[in-house]
Amino acid sequence: MSQYQENATITRYERLSQDNIRLTLQADSIAAAAKPGQFVMIRTSTAKDPLLRRPFSIHQTSTNGRIQILFKILGRGTELLAHAQEGEQLPVFGPLGHGFDIRTDRPACIVGGGMGIAPMLFLAKRISRLKSNVASDFILFGGRTRTEVEPLSDDFRQFGMRFYEATDDGSYGEKGFVTQLIQRLKPPKGSVVYACGPESMLEQLNIYCQVKGLECQVSVESVMACGMGACLGCNIPAKDGGYVHVCYEGPVFNAEELAWK
Amino acid sequence: MEIVRERDPFPDLRVNIGTLRLQNPVLTASGTFGYAREFANLLNLHRLGGVIVKGISLEPRHGNPPPRIVETACGMLNAIGLENVGVDRFIQEKIPYLRGLQVPAIVNILGDSVEEYQEVTERLASIEGVAAIEVNISCPNVKKGGVAFGANPDMAAAVTHAVKENCDVPVIVKLSPNVSDISEIAAAVEDAGADGVSLINTLIGMAINLEKRKPELANVIGGLSGPAIKPVALRMVYQVARRVSIPVIGIGGIDNSRDALEFIVAGATAVQVGTANFINPRVSEEIAEGIGEYVKTEKLPSIRDLIGCLEVD
Amino acid sequence: MEIVRERDPFPDLRVNIGTLRLQNPVLTASGTFGYAREFANLLNLHRLGGVIVKGISLEPRHGNPPPRIVETACGMLNAIGLENVGVDRFIQEKIPYLRGLQVPAIVNILGDSVEEYQEVTERLASIEGVAAIEVNISCPNVKKGGVAFGANPDMAAAVTHAVKENCDVPVIVKLSPNVSDISEIAAAVEDAGADGVSLINTLIGMAINLEKRKPELANVIGGLSGPAIKPVALRMVYQVARRVSIPVIGIGGIDNSRDALEFIVAGATAVQVGTANFINPRVSEEIAEGIGEYVKTEKLPSIRDLIGCLEVD
Amino acid sequence: MSQYQENATITRYERLSQDNIRLTLQADSIAAAAKPGQFVMIRTSTAKDPLLRRPFSIHQTSTNGRIQILFKILGRGTELLAHAQEGEQLPVFGPLGHGFDIRTDRPACIVGGGMGIAPMLFLAKRISRLKSNVASDFILFGGRTRTEVEPLSDDFRQFGMRFYEATDDGSYGEKGFVTQLIQRLKPPKGSVVYACGPESMLEQLNIYCQVKGLECQVSVESVMACGMGACLGCNIPAKDGGYVHVCYEGPVFNAEELAWK
């Protein structure tokens, strides 16, 4: 498992909506090593405040050594990152963590909620490359409202998977939650659900999958200082009563391993 | 090439902590460098003065519930809760890798009672690959109502004694800054036989989530580290170095070689790099390089000529 | 308009420190707000809870030689050396302006000995315009080998007594954070009659100029303030508020109304704004406004409902 | 004495040499109130690091509400300021301090060394406006090397004062120090010397003026936290054994008031 620190040049800056930004970064070693579900840590300032790097899923990689991140402006770090400009360099560290375990022999059901969609483009791309037929695979994408979902739609249509969208307010796609979508669409037996999104969504998916006997891989979040196993700051409760560490044992876990509230 | 370089007598960065010989004064701070192996691909461990691993207790510890960390202005709070694999698994699983390193591995230990410190020491004493023991005395003494060992000269001395009597390797006592007079504690552990003191451990702090009206950390309070604490650390190192005659290891907010050199000027024989590892995993190696450059540029006979050279009118 | 606004019962930001009534909980920290007049053109002093002026001693003091300040990561060190005009000139030259303010002026005092504190208090006791006295006990006790009054419960209590017995206005004791157990000191001054405690004063720190291999401050050590110390301050306020029943005034790195509200949630009845005044001279008024907004938005009956409401499992 | 905090828009950015930058700021209230020798405090970052504002002399004001500062990149604050861009806003606080006491009835000898030239443009302009005849007034400008002096030359020639330049290395103007210039040029009896520059230069000027019986006003520096008399951090030794405070008792002092080494 090789990790790299690169001074990555921003080759493209896309403001997808008021809060959502996509950056393309030239980061050859990271791009070459990355697997879907892994993430990078990015320093958002050259000064000492804010001090810590911020974690972002790898949204996509390209064969010419680029990676993308897709992020929402939430606080000081993402605010600073939103002010980055094409041509500037950002210190990027990755790829980090343990990504999705892709089961090429099984139908896939990719579920992304909100910014949880970020790693799913990379995953869908990889699955569509590894499998000869993706016609029975699903991508379910839910967001709060149109501006969160629409700008990414086209990117997900390209794979030939069955792509469904929903928004909480019905302003785009179906009205409702992705968890309602999955209940209605009923992915075939033996499907593997790959999911990333808010905790409540993951929790409901876990219940659904347990009932249906489906494997459920979830990508989860936690605060992080190092992103690489050095600080032990990123723990979350595990099913066995102990903890697992999101940055190096995750961020993708089998939903069964975790302690859900 | 490698060999030629290491034989090259300049710059001379060697320092000693008791009988522990370091090729340069840069160590990694406990709890911020995992068990060293995590960094093997990110920097050249052999270029460091040595590594200090995550604090080890007698029994494995799960540590505190999340959230365990929160960022603060130029710093961070942590309440990891001393999660560790316990001394037995440490010896089985981690020592073999550490033993293979060409630089000393220092084991940081902790306990709830003098007896626990003693027991951990006994198990580590005979193990090849343990170059020195660093004793974290910031832990609460459960038998004494939870006052930290490091807040009381007698308790600090008792722990030092217990460790020192049960091993032959150098013993470094890591001091807590949450005290009225750190040099008094330093003097007490020196008298009790410590071969060196390292300071500072984290300052106790707290952060609040205003929306939830709850503490940011599940443990309510945590330890403050990073650049924010450097002025306090530097002051304490200066005070302690003037008080004791054993070597002092400076810790607190060191981010680059200039920071490290300031600690040495203040009286530190060596330094430890903590939080900065999270922001740049190569930083300790870069600091060692930078110190070498400085010694060359300033044409110092050795880094030892800089220790405690602060001019005060 | 002005009058209507001030009569408007919402939001209710009033808090009391003993018999001292504040229209809102925002005070300016001693030594960071001059004698208040300096700020008269920059903000509306009448919108503050009150002002606390630069520490006053019996005799005028020249203070320390330069440099007296140096910036650090998210903070600054100062070693002003308690420069002040002395109590007599203070009464002559500064009180008339302060007396004219519509908000209370609190006088911060300091001394080298219990007798000096007492003497300063006596001179201030009968002066109209002194709404309360804040006692800085971080000063060294010259008769006791220079240990700070604030580092010892007995000495802290003795100073509190001496001040309390010689005046009728509320007495606030300002605690030093450079101690092992600040709540012990708080309890001691409460027992000695303090009407409130304010904390924290600065953490002792140091900065070094590597080029010159000299301290950055002529005084070698100085006091660390600013956002860097906020986590330590918040923790101490939380601890002290749980220990004493007199009001606690929170100080340390407060930069905006959210910071101030966090201190109140931790247990502070009021707050003081220090270093932030240097970066934005209007900041205290903005903080008072922000607290008002918060109380309105959260539909709190009064700011007092927020004091110490931190939820800890 | 009115002081203002303004969010000043950068209307012009001039890089005069690699290290020297001139910013023009729209700051109406400050421009209207400023006097030569006064300064402003500028916040160089919106984050908490670096924390304190930095002091800069007012280099020039204009009737359309603009002020200029001229600065050298020295450390973190000036480095950040050098990255500012036209159109951005900077929090500026001023005018601060006590400026030059202009003696319209006496010949002027303006002496600037290095960045000490910054306040002198404003001073020369004001003097040339207040006095009917400036033909016997001097401006002496010394710098380390050509790049420090040349870009400012033209600005100083416009007043009709006797303008002399020197560089330490002789790469522009005369070779040598401004203190040598003054000794050679001998400003007329009764002249007032207005000076700003390195301490050693000011010290030598003070000795020269004492010998010649000339009034000598010097603008000095110190570290500053507040810039307005609140912190008492900006003291320097005074002749009487006590201290004076640069930010509110200065930055311009009569050289005789100060304790020179």
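Letters A, B, C and D name the chains as they come in the text, with residue numbers starting at 1 for each one.
Throughout what follows, contacts are C-beta pairs under 8 Å (C-beta built on N, C-alpha and C of every residue); 3 or more make two chains touch, one makes a residue touch a chain.
None of the values given here were measured: they were computed from a predicted structure.
The chains in contact with chain A as well as with chain C are B, D.
Averaged Cα coordinates give chain B a centre that lies 48 Å from the centre of chain D.
The geometric centre of chain A is 55 Å away from that of chain D, both derived from CA atoms.
Averaged C-alpha coordinates put the centre of chain A at 36 Å from the centre of chain B. For chain C, the set of residues touching two or more other chains reads 73-75, 226-227.
Within chain A, contacts with two or more other chains are made by residues 48-50.
A complete topology is adopted by the chain contact network, contact being made between every pair of chains. If you check the complex, the residues on chain A that touch chain C are 48-49. Contact residues of chain B toward chain D in the complex are 73-74, 227. Contact residues on chain C toward chain D in their complex (touch as defined above): 31-34, 38-39, 41-42, 54, 62-63, 65-71, 73-76, 78, 80, 83, 226-227, 255, 275, 277-282. Note for the complex: chain A touches chain B at residues 1-3, 5, 43, 48-53, 91, 93, 222-237, 242-243. Interface of chain A with chain D (complex): residues 45, 47-50, 76, 80.
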